[in-house]
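Contents: one structure, followed by commentary.
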Amino acid sequence: MTPRLSRRAALAMAALLALPLPVAAETAPPLRVVTSFAIDSMNPWEDGFWMQEFGQAELLMQFREDGRHHPWLLERLENPEPTRWVMTLRAGLTFQNGKPVDAAAVLAAIEAARAHSASAKGAVPDGAIFAVTGPLELTVTTPAAWPELPGVLADESVFLILDAEAVAAVGEDWGRLVGAGIYTGPFAVTALDSARMEAVAYPGYWQGPPALPGLTLSFVPDPSARILAVQNDEADIALYPPLAARPMVEATPGVHFNIGALGTGGFTGYMNLRQGPLADPALRKAVLRAVDYREIAHDVFRGGLAQATSLYAANLPFALENYRTDLVEAAALLDAAGWVPGTNGTRQKDGTPLTLVLAIYPQQPDLAPLSAAVQAQLARVGIAAEIVSFDGINRALMEPANRWDIAMVSTGAAGWGRVQGFLENYLLPGARRNYGGYDNAEVSALVAELATEADTARRTAILHRIQTILWDEDPYAFSFNIHKGRVVVNDRYACYQPGFALYHISWQTAPCR
Amino acid sequence: MISATGIDPTAGRHRPPPHLLAALVRHPTGRWGLILTALLLTAAAAGPWFAPHPPNLPDYAAALRPPGPGHWLGTDATGRDQLSRLLDGARRSLGGALVVSAAITLIGLIYGTAAALAGRWVDAAMMRLVDVVLALPGLILAFAVIGLLGPGYVNLLIALIAADWAWKARIARACAQAAVNSPAAEVARHLGVPEWRVVARHILPAVFWPLLVLATLGLGGQIAAISAFSFLGLGVPVPLAEWGAMLAESRFFFRIAPWLLLAPAACIFVSVLAANLLGEALRDLATPEGRS
Amino acid sequence: MPLSTAPEREGRGLVRALLSRLAQAALAALGASLIVWLMLPLAPGDPVDMILSARRIEEPTAAQIAELRARFGLDLPFWRRYAHWLAGVVQGDLGLSWRTGAPVVGLLADRLPATLRLVGLGFVVSLAWSLALALVAARWAGRWPDRLVLAYTRVFAAIPAFVLALLVLQFVVVGLGLGRVLSGGAGLTLALAALVLGIDRAAGWTQLLRAALLAEMARGPADVARARGAPEGRILRVIALPAGLLPWLTAAGMSLGGLIAGAPVIETIFTWPGVGAELLAALSVRDVPVIQAFVLLAVLGYVGASFLVDSLALWLDPRLRDGGRP
C-alpha cells in the first residue's frame, strides 16, 4: 500500500508544480459513463487501447472526421523522403506523474510496445528503425517506403504514449499502475476493478485543465440496463446502445439517442467462392445490385447507420461512389447466368432452387434485423435465403465443413484510416481472414504495390481500382452499411456527440450549457 | 417423507387408472390443464398454417403497431407480426420442453431399469454415478454443459437433458426394484414366462407411469428453463422466434409497446400453468387416495 | 418423537453420523468436479484457440501459443491437469481465467459477497413467506384463505423468476423510482431482487409445507389433542408444525441449489455485481476455469446446505442416525 500512496502523493505534487494557478472551482459533478466492455486490467499492451477511448492515454497522431490524420502529441510529422519520417513532439508535454515527455521517453514507449504488444509487432515493417535525433525529434527509417506510418501512429492498439520506465517497474503486477500516472491524457486512472474504472482530472494536462473533475466508467454488459441507468439518472452517457432501442428512447422524456459522425467500418458481406452457387461472378454481381443499401440505412435502421456508397466510408479521401441498387440489372444478370424464375418465386437452374445461406453471429444484435432485411431484399429478385447464426464467426467461416454463402461481419475496412491490414488479411489468397477463398491476381498485385507506394495520387488510383474490381468484375467483399457512432444521454449531456474513432472523452467534454 | 413429487416408489402400486382421460376430465383442475395443454399443443403444431404472416419477414412500414385488425397482437420493432412469431416460437418453447421431457424419461427408464435388473455391483456403481451427478444442482450442470458446448438451441436441449436425467433414473430404479420383487413378477417367473416378457409386462409399465407423471410435473420447469436460457441469449439464435428470446428483444419497448412484453410473458405463464395443472392431476390420479 | 437413549451413546452416534455425512458430502463434491473435468473433451476446438479468442488475440505468434500452452498447462496429460487443479483447489487456487489471465479466486472473492447477500436473503424471504402462507392455508384448510393461497401458489409457480424480475425492474425500479438500476449489489435493489428470487421459490415450498401440515393434522397425535378439546390453531402450532417443519426444511435445503442456479438470470436483469453475471460473461467466451469454479462453488454450496439440514435432522431426530436419511 505504501508505494501506491507515495506515488499518488508524487502525482498530486507534480500536478501542483505543473499548474501553479489554482484549479477553478468545479461545479460539474464527475461524468458517469456506462459501457459494455470491461477493462480487464491495467496491462497497457493488452488492455491499454481502452485508455485512448476514455481520455487517459493519447497517441502521436489522431484520425479525425475528415478522414485524415492530424498531429496529436506531435507538433508535426514530415516525410522528407519515402523511406524516412521525422516526428517532432510538442514542447511541454508531461505524463500524469509529472515526468516530461521528450523524444527519449517516446522512443522508450515505442520500443516497449514493439517488445510486448502483438499488434505493435505486426504493425511495424521489418527493418524499421526508430531513433532519437533531437530533444523533441525522432526519425524513422525503413528499407522500403512506409506510407501507413501516420495511420499506425493514430491506431489505438499500436503506440500508446506511456511512461515505459514506470511500466517496466511493476513487472506483471498491473494493478500497481493504478494511480501511477503513466499516460498523458486529461484523466488519470485512480481505481479499476471488475465493475468500474475511476479517473480524475489531470490539472497539468497540456491543452488546459479538463472541464470535468473526473469520470466513472461502469462496465454493464446488458444493453437494456445501460439505457435504464441513464433513464434512472444513474449514468449520464450509455455507450453501444442497440439501434433497436431508439424508438423507445426517443419516446421517453429526459433521455436522448444521439447519432454521431460516420465511422470507418460497417457490416461487411463476404461471399463464399469455395462452395455453393456464388462461385459464379455473375451471380455475385447480381447479389450486389439486389441489396437495397438505401433501405438498410433509412428504413431498417432509420438513419442510425449510414448508407454504403462504396466499400469505404464516404468521408475517406479514396472512397469511390460506385454502389447502386438495380433490380432490373440484377434480374438480367441472373437470367443470363441461367437462373430462371421458378414457380414459387425462387429462381432455379436445372431444377436446383437458388438458395443462399446468410451467416451471422449472436454478438452483434443489429445483425438480426439486417439479415432479415437482406433476406427480404434478395427475395425480390428471386433469390431465397436462410439465416444461420454461428458462434465464434471467425473460426466458423474458415471451417470448410460449414455451409454458408454470404457472411455478414462487422469489419473495419479502414480503421484509423489504415487500409493495408484489411486488404492483406481479408483479400489475399491464404490470408487468415480470407473467409470465402478469394483469389484475384490483379487485386493481390495492387495490394502488394500499395504497401510501399508513397505517392498519394497513385495510392488513390490503386484503391479506386480495387473498389471497381470488387463491384464490377470479381465481386467478393462489400459493405451493407457504414456504422455511425451512437449513444444514449440524459438532458445534462443532450448535446454530447458520439466520439469519432472511439474517442469518447476529451478534455473539453462537459455538460451542456 | 415429503418429496417434491408425491411419488412414493416403494408403494409399487402406481398404475394409470382405467379410464385416464375420463378421470382427468372429472378432476377439478386436471380438466383445465388438459384443455389448455391441448389448445397450446394444437397451436404449436398447426402454427405455420394459422400464422397470418411469415414469422421472420420484416415490414418496416408496419413497425411497432399496437394490436388491431391485420396484426391481432401487434408488431415488433421491425414490423414482424407478433401473433405469427408466438405461434412459430411455440414449437421451440413447447416442442423443446417435450423433447427434453421425453428424453429424460426414456434415459431414466432405461438406466434405472437396467440398474435394478443388473443388481449387485453394477447397480451399486450405476447408482453411485447418479448420486454424484445429483450433487450438481440441475441448472448448474446445464450452465456447465452450455459453457463447454457453446450456446445454441440443440446444445441447450442437451444441457437440460443432462441436468435432469439422474433424478429420473433414481426414481425409475426404485420403482423397478419394487416391481422386480413384486408378487406378480415372481408368479410370472414361477410359471416359466421368459424374463424379457416379465420385464415388458410387469416392470417397464410399473416404471413408466410414475416417470410419466414426473415428466409432466417437470414440463413447466423445462418450458421456463428454455425461455430463461434463450432470454440470456444462450438458446435460440437471433432471427428465430422463441418466447424467452422475444422477451429479451422486447425489453427495449416496454414503455411504448407493452404488448411485446405481455404477450410472450402470458404465453410462458399459461404454458407452465397448464403443464403444472395437468401434472398435479396426474399425480393425484397416480396416488390411490387421490382417485376417490 | 425423539426416542430416549443413553446420553453418552447418543453423543457418539451423532458425531459418527455427522462424520459419515461429511465424508459423503466431500465425496460428492469430488465426484462432481471430476464429471465437469470429464466433460471438457466435449468442448469443440483446441483449448488454445478458445483462450486466444477469449482474449481477443487475432493473430497469435507461435511463441504466444507456446507461452499460453505452458502457462495454462495444456501440454500435460489430462489426469495430471486434473490432479494439478485439485491440488490447487485444496490450497485455495482455482487457476487463471482464460479471458483475463487473472486468478479465478480473486474474481470470485470480488463477486461472491454480492451473490451470497442475494441468495441468502432470497432464501430467508422464501422460507418466511412460504411458512406464513402454509400456516394460513392449513389453519383454514378448505376454506377461502386456503383456496386463495392455493391459487396464489399456482399463479406464482407458473411465473418464471426472470419474467417477474423484468416486471419488477421496469415497473418498480424505473417506474416508481425505488432502488437503482446499477445497484452495486446493495440497498433497496437488494431487497427487491431477493424478493423476486424468494417469491419464485416460495410457491413450491408453500405447497410442500401445506401438504405436510394437513397430513400431520390428520394423524393420531392431532386427533388425540382434538379429542381433548384443544383448539385447531393450537394443534397446528404445537403438534403439526414441529412434525412437518423438519422434512420441509430438508426439502428446502435440498432445493437451495436451484436458488443458486437461478442467480445468474436475476443478476443479469438487476445488473448485480455477483458471480452469476461473471459466469455469463465466462459462458459467452467459454472461459472454462471460471465455469469450473462456478460449478465447484455451486456444488459446495449445495452439498454444504444438504449437510447442514442433514445435521439438523440428525440432531433433532436420533432415529435417523443408523444410516437412514430423512
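Going in written order, the chains are labelled A, B and C, and every chain counts its residues from 1.
As a working rule, a contact is a pair of C-beta atoms (placed from the backbone, for glycine too) under 8 Å apart; a residue touches a chain by one contact, two chains touch by 3 or more.
Note that the structure is a prediction, hence the values are computed from the model and not measured.
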item	value
Top chain pair, ranked by how many C-beta pairs fall in contact	B-C
Chain whose Cα centroid lies at the greatest distance from that of chain B	A
Intercentroid distance (Cα basis), chain C paired with chain B, Å	22
Chain A-chain B separation of Cα centroids, rounded to whole Å	46
Residues within chain C bordering two or more other chains	268, 280, 284
Chain A, residues touching no fewer than two other chains	392
Junction residues of chain B - those touching two or more other chains	150-151, 233, 251, 254-255
Touch list for chain A against partner chain B, complex	224, 227, 242, 244-245, 247-248, 251-252, 295, 299-300, 360, 362, 365, 367-369, 371-373, 375-376, 387-389, 391-392
Chain B contact footprint on chain C (complex, rising order)	28-29, 31-32, 34-36, 39-40, 42-44, 154-155, 157-163, 166-167, 170, 204, 208, 211-212, 244, 247-248, 250-251, 255, 257-258, 260-262, 264-265, 268, 279-280, 282-284, 286, 288, 291-292, 294-295, 298-299, 302-303, 326
Interfacial residue positions of chain B with respect to chain C in the complex	1-4, 6, 128, 131-133, 135-151, 220, 224, 227-228, 231-234, 244, 247, 251, 254-255, 261, 265, 268-270, 272-273, 276-277
Sites on chain B touched by chain A in the complex	56-58, 60-61, 63-64, 77-78, 80, 150-152, 233, 237-239, 249, 251-257
Parts of chain C lying in touch with chain A, wherever the complex brings them together	45, 49, 53, 55, 57-61, 64, 99-102, 107, 110-111, 169, 173-174, 177, 180-182, 184, 268-269, 271, 273, 277-278, 280-281, 284
